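Two complexes come next, and they have one chain in common, chain A, joined by chain B in the first and chain C in the second.
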Partner chain A sequence: MVVFRLGLVIAFCVIVGRLFQLQVIRGADFQTKSSGNRLKTLEVVAPRGVVYDRNGTILARNKPSFEIALVPEDLPEDKPETPDIDEEGDEIARVLSLVHADTDPKIALRVAEIMFRTLGRFDYAKALTTAGFKVDFVTVPGEEKEIIMATDLPAAPVSMPFTVPDISTPLPLPALVQLVKFAIDFKRQGSASEAVSILDSIERIKALEFSEESYHMPAMRINPSPIRQYVYANMFSHVLGFMGPIPAEQADQYTKRGYNLNEKVGLSGLEYSYQDQMRGLPGYKTVERDILGREVRTIGQVQEPILGSNLVLNIDLRLQRVMSDALQSAIVQQKARWGVTIAMNPQNGAILGLVSQPSFDNNVFAERLTENEGYQQIQNDKRRPLLNYAIGGQYPPGSTFKMVISTAALAEGVVGPDTTIMDAGPIYLVNQFFPNDLSQAQKFVSWNHRYGIVHGPINVVQALSLSNDIFFYEVGGGYPVTKFRGLGSAAMAKWAELFGYGAPTGIDLPGEIGALVPTAQWKRQRYAESWTTGDSYNMAIGQGYMLATPLQVLVNTATVANGGTVYQPQIVYQLTDAQGHVQRDFTPKVVRQLPLQPGVMDLVRKGMWEAVNAPDGTAITSKIDGIEVAGKTGTAEFCDKEHYNPKKLDCLDDKDFRPSHAWYVAFAPYENPEIAVVTFVFDGGEGSLTAIPVTKKILETYFKEIHPR
Partner chain B sequence: MYDRQVWRYFDWPLFIAVLILCGIGVGMVYSATYNTPDLSDYWTRQLIFVAMGLAALIAIAVFDYRHLEMFAPPAFVVFILLLAAVDVFGTVQSGSQRWLNVGGVLVQPTEAGKFLIIIFMAWYLSWYQEYLHRLSYLVVALILLGVPLYLIYKQPNFGMALTFAFIGGTLILVAGIRFWQIGLMAAGSIPAAFFLRTKLQGYMLERFQMFLSPKDFKAANWNVDQALTAVGSGGWFGNGWGQGSQNQLHFLRVRQSDFIFSVISEELGLVGAVIILILLFFIMWRLLRIADLARDQFGRLMAVGVAAIIFFQTIVNVGMNLSMMPVTGLTLPFVSYGGSSLVSMMFAIGLAQSVIMRHRKIEFQ
Partner chain C sequence: MRNLEKRPRRVDDLGIRIVILALAALLLMALQLTGHLRPLQSAITLLTSPAQLSATGITENITNVIDYFAELRNLRQRNAELEQLNSSLLAEKLSLREVEHENELLREFFKFAKNRPGLELRGAQLIGLAIGDESTNFLRRIIIDLGQIHGVKVGMPVITDQGLVGRISEVNDSISKVLLLTDATSAVNAVLQKSRLNGVVRGTASGDLIMDFIDQGVKFSVGEAVLTSGLGGRFPKGLPIGEVIEIRRRDIDFSQQAVVRPTVDFKRLELVAVVTNFNPVEEVPELLVINPQTSTITATNTISVTDPSLNPGQVTATHVITNVDPLDLAAPLTTPVESAP
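Right after this comes the complex of A and B.
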């Protein structure tokens, strides 16, 4: 009994001592820890800016939506004393049945889909098979790769098919639980407090319902995750782009800019270019949270988020729609592969419409369709709908390039306004090793020779109007027979670059390429060959090595239209805040002023006017009642695998015609132009046949519906 | 049988200490549960349990404990049979087979068994008091204790098995055994410890390891860690009743029973926690006094047994709250929420009261 009493005293002293140690000596530490438990600084996400067209019509907006996620560390642990009960799995099953994944096949599909994305195809299959579920596989065509089958055959694209688990049939609840468990184990290795999304695209009412029912599920979180909605889908997808999770390889860069890696960011189009502005700045607030992570109250000051800016575009929805439809029907009619049409205000560089076809539905990316559905379809489309051909495709500009050559020739004094050059049929460049053997000479024809027409002596205005090639061959490369000295490679390259070729135009879209302006030096480096007069001839008519993006051709046209100012094209008109106040107004950006003597550009403009308005002009079909239009057609020959004719070792068809891209550039009104348009159809045939009707339709709409006279 | 005179010796200080603890218990259960929808009526339930416990206390106090002697052996046999029945027909819940399904109601025989084992061991050790110096009688005592112990350990219910062992051990020691016998038992416990080490059921071993090296069991140690944070943030006077953030925001799990001491420490501080401890140890002290005054060995051992139970549960529960002991499901006597544990504790106090009310050591009628 004495021992027992002694025991009581000792035990009492030990416990009180321990209490004293914890509560008094180390009390401050634990108080900090306790505050850390309950106080959390939360990011208040700023709603992303909305995109409007020039007239205030909404093009992209945020649809409120919620996602359901599980926080790994808040799931019940598998208790060691109950080895035959899977506490974690049971809780996951409860959450899944709460959201009806067991009864609604659509939801079951969606959960599986998200798990598929989270885990990837290998781990997805592994998660199911290790738990004893049968996995069906489907074969999908993979990415195409160019493979050389034999040395004497051209490289052929070969698709590399692979198998993916079939996710098109709804899985039973236990299988879904298994997948979620796997995904959670995966995440737990990283950060156990980071929620794993299991279902998204939930409407507000449903989300409220779930949050009431989820009271007993500490791991379940219902987070707002607005979906970006593109109202006009395909019509604006290349302009607006789309959003998605931050790509792994750019993670560092985004973290440096203050991004949270769970955020979605713009990956292409304006969504990318104006990512920072449209995102705004998240705010912060300190909240007291209970163990379920529910906010009990807000403590202290709230730092309000800075709302993302709205974009107002220069583009007019009505014009864009007409452009899109007109180009679409031209492509279908010609059975062409793709095409571009762009309209710009030549006085300030404002882009009035921009269409690249084929297009795609950018909502597909916002709503995260899985890889073997719409997304795969877009990926596997040989016409590459994701590519914006307006800025990412490079093609020989064809006869539209004669705008550059004629300006250069006048400015450099190679020709005067009245200088005439004789078109008396094809001209020949003799082979330097066999100067007397005409059969070895290189023959250069003008398009009209095919129809048995020669144009005779013509000046620069007539040459532009008739699109005579002989004139430009000689202006570009000189003509030994008449001792006529042409511009030569260096001057042509110089003027091409002055007009904006060879470098990105600086439009506010990502992915723009510079395209190639060939020079003698380039050719030597690339082919180890000297620049020849023939190369100059080809370049002078926009063929050969010369390449341009449709947008560069448009900038060139606008420069001619406005008399010599190169403007940087801009899609965005204004940035506005949530109240509609203008944050950044439109200011035209002048890239350069061309060094021109007065009157030079007038002659080029005159040539383009005659092309439309003279009786024998090449673009007379683009005339519009009441508006004076000026234009220039282009038919740029090309050769590719599709058209290759092994018998002729070239792309010539039976009638010795090469396939060609159709170009047409135009501006109007002739005096004081308001709009310049470029239309390009890949493999579209004659510019005058395919591209003119599209442009004409656009100009008619502009002048009759949008800005009626 | 009823004698008005016996109330003269009713231990009022003990009774009042128990009442105060129960009162604090109800208050703390309220603070721990009022903002949890499913548990918000727990404090009223606890109040009802207190009333039931008081009734049991008075009823047992009135009853002459000496009549229990004749119930002890048959009750023990019934208890063993019940334990065996649990082993064979018992209901499994969260992995343990501890319950008997009696017409839809789950009954856990071990909870009442704690007190039964006190009464039975007290009976055995007092009945054969003269023979205990013989090894055989001691061994029989150990076997009688060992049978229920084994059945409980098998359920598995490690905490309860330890409780039984502690009560039995204390009673045997207090009943008076020779020092060489203690030495022999100590010698016997060494191989037993090794045996336990190899045979300890998985989860028990894990809990011990968790306690010994908490860093390896970060996730599993979460509850203990939160309890420690709650206790530590209390300081001298606590955050105030109903103001403990660890408690109110539910960072403490099973806060109304297993971790009620953390709630007290957080909200009432060192002062409040020490008051609770003083009350508990005061109760034990009074029980030992009763043991000293008891008129016979049976009463003496019963009082010691009750003190031992309260002592063991207090040490283990508080030790768990303060991260000094591994996690077991043992509750804090009189304070933790729970009808069966509260009523049986009050019942045990009633037993002790019955002993002291009839001690008549100095008094002559």
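Right after this comes the complex of A and C.
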């Protein structure tokens, strides 16, 4: 009896003791363990800001790209009681079969490629060989190293070839399963709840189809990640740009700015310029999961992601479309190589449209680039569609540069409003070494002389209207015969720079170049030669060494249109948040006011008005009903390898014509300009023939359709 | 007996009396058998007959009383029996009403099936809610009374005439689990009927039914019907899923979402049908317009209820539903009859 009672007491004590151990001594430990199973912190993706045109039409947005991944901890474990069944491998094989890795060689290749990247070349080979699969190796040339081959020989660069497993032939399903198993074992050593990607860039419709099977494949995750979709593709490629992985050489810089090296960032266009603003910051949430690993509820505070800012552009989709189409047809018609057209509000620098052609479909950069036909095509195109010629191409501005020279001449007092210069035919600059031999002299003609026309005595307004070259030769470089003193190299360079040439305009796009404003010093350093009067003559009509980007020519035009204020061109109008609230509003940026006496710009403007509206103007075809347009044509001769004629040691053709770029700049309405446009067609022939129709179409659209009077 | 105990027992006393009495009895019996006692009997009878008569009346009354009580016991029993019968008939009636209701449901099914000739359907009863493996409050799985022996396989769609319920996620010999549309692991390809936009209808942890991955830049409206798209061939095309009740659209997100109210009332699931086979490329009218004239019913279903206590006693309730094809009627309709007493 006593023994029985004692037994009861002992048993009770044991139970209480065990309870104490479980609850009190190891309680915290178990708590952590069970929370670890139950609670999981997930990243909440922050979408990137989208891009709208000035009317709120969406131009760039996000779309999902799908990846298939496996979560190690959700895979079935190999059961010891069934040693002949590989539960984990079977499940992996089921998932791989679902995505057709067993039947589609392309998918098998892609899975192997991803595993190769995940495992590295050693483990990749090891995973296959340990499972009894044969691995072929290929030799690749390695890094070059300076190696001293023999003591008496200098160090020579030697490449260090190494072998890598050949991943160019599709692997059978069991081999792929082995690779994935290997990758999963690695992941288990770190965090078993982190998914291992096995296939990416899955098209939406396929991903949706696969997702129906996820209910009985608990380890499979179909993860959507945002990629960019450019709704109007080619039409806005140079403006919007594209995104891609952080370039290796910029990795440090991005890391310092708080970027994760797996992130995609803007690599060109506005995507690059506004990368920091458009990028969102991910948030975090803790979720409770049931025993099947499904999210049951969210625990505690969700750290909301910070959404990226949206961009609202100054560009109007309707105008951009017309600009794109009109330029395209001009290029096709002239069989020209490329061209640019840009429109800007001359009163504030807002870019209303910007087109560089040929363009490209920037959506191809959102996809995987290897085996990407679209990308290969862009890469192989000799016309370099990726280059934004509006800001990255530099060309002689031709007669459009007469806007600068006439302003400079009036401002510097080289000519007055009524000063006339005589055009009586070609003029000659004598050779300084043979001053008496006219056959050695340099001949300068005006475009009209080819047609047997001389303009006689003309003033600055008429010179602009007629685009007479003799007037500008003499204004730019002086004329020894009449003892006329011109502006000279330094003054021309000074005024060119005042108008914005020689330096990037500061537009909110990457890759803008400054182009060249030649000076005597530059020529000396570059060619070890002196600046000649002939150089000044050429520069005065926008030829010779003088180069400009189409955007610089537009800024120049806008400055004339508004009476002398240089504005920094801006594509972005506003930054807004997801609710559409303005975060940063548009503020015009004045670069400088030109130091002009009153009335100077009026004369330049008058000259451009007459070019369009006087009976003998050079741009009369750009007139449009009801709106007073002012403009200036340009036909900039050039010589390059393709046009070189060895017989004439120049690019002259049989009729002694050089190839030329077509330019036309215009603004309207004349009295209170709202829009300034530049059109440039490389190798486009005469400005009046090729570039005017494009500009005219743009102005008509602007005044008749977008802002009807 | 207590008194006797107090007296000393005398064996001869009692034994002798018994022997004497026994011998006297034997003698009297022998006399009666030989007929020597008859005159005596007659004389006694003559003397005692009046008294006997009245005595008989008394005993008869007594017997009657006793009989009465016996009868009462029987009646009670009978009453209980009748009550039992009554309640069994009531149950019968209820069960018949149930059958009728079920037939009502089936009729709807027929109409539905008529419009979907490409579907091979097999009717099933909801027999339980699989809440054992749930830690949530939301009903996500149900159990039905069809299993492997009925040809049910994992992945088969489960529907009602109202629309899609889910699909078979687990099969045992004679029962199966159905994963409902609203489960967080469920994903079904769907299309918006009017705008023709596609996406995936999935359950969420919060219990909402969501149509996800609808392309950006396209518009759809509240009230649009959501149907199965048949993409991937796992579900028949054009089965109703629900109706859009809310649009979740933000320019910055990579796709649009629609909150969907399911057409099936998951709280009141009774009869479902397992789609055992279907033609994945079948083009069907997606809007199920049921024309009453076309729904001629051709199946017969007879339910006999027999009460053995009633003779000739066969109460027969006959429910005639015309139309058999293609629904297998046997399974759903025999079940309640078997459960009747």
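Criterion: the second predicted complex is superposed on the first by the 497 of 709 C-alpha atoms of A that agree within 3 Å, B and C clash if a C-alpha of one lies under 4 Å from a C-alpha of the other, contacts with A are read in each partner's own complex, and residues count from 1 in each chain.
FYI, contacts are C-beta pairs under 8 Å (C-beta built on N, C-alpha and C of every residue); 3 or more make two chains touch, one makes a residue touch a chain.
Only a predicted model underlies this, so the values are computations on that prediction, with no experimental measurement involved.
Student: According to the stated criteria, A:7 is in contact with first (chain B), second (chain C), both, or neither; which is it?
Tutor: After superposing on A, A:7 lies in contact with chain B but is clear of chain C.
Student: First (chain B), second (chain C), both or neither: which does A:578 touch?
Tutor: second
Student: Give one of first, second, both or neither to describe whether A:76 is in contact with chain B, with chain C, with both, or with none.
Tutor: Neither: A:76 stays clear of chain B and chain C.
Student: Touch test for A:212: chain B only (first), chain C only (second), both, or neither?
Tutor: Once the two structures are laid over each other on A, A:212 reaches chain C alone.
Student: Where does A:22 make contact in the superposed view: on chain B (first), on chain C (second), on both, or on neither?
Tutor: first
Student: For chain A, what residues appear in both contact lists, the one with chain B and the one with chain C?
Tutor: 215, 290-292, 296
Student: What does chain A use to touch chain C in their complex?
Tutor: 47-50, 58, 61-64, 204-205, 207-209, 211-216, 218, 224, 226-227, 229, 231, 287, 290-292, 294-298, 307-308, 310, 578
Student: Going by the contact rule set out above, which residues of chain C touch chain A in the complex?
Tutor: The contact residues of chain C facing chain A are 133-136, 154-155, 167, 169, 179, 183-189, 198-200, 202, 205-206, 213, 215-217, 231-232, 234-235, 250-255.
Student: Where on chain B is chain A touching in the complex?
Tutor: Per the touch definition, chain B meets chain A at residues 37, 94-96, 156, 170, 173-174, 202-203, 206-207, 219-220, 226, 228-236, 245-246, 248-251, 265, 269-270, 273-274, 277, 281, 284-285, 288, 291-292, 304, 307-308, 311, 314-315, 318-319, 322, 324.
Student: In the complex of these two chains, what residues of chain A are touching chain B?
Tutor: Contacts found on chain A: 1, 3-5, 7-8, 11-12, 14-16, 18-20, 22-24, 26-27, 29-31, 33-35, 37-38, 73, 77, 79-85, 192, 215, 288-292, 296.
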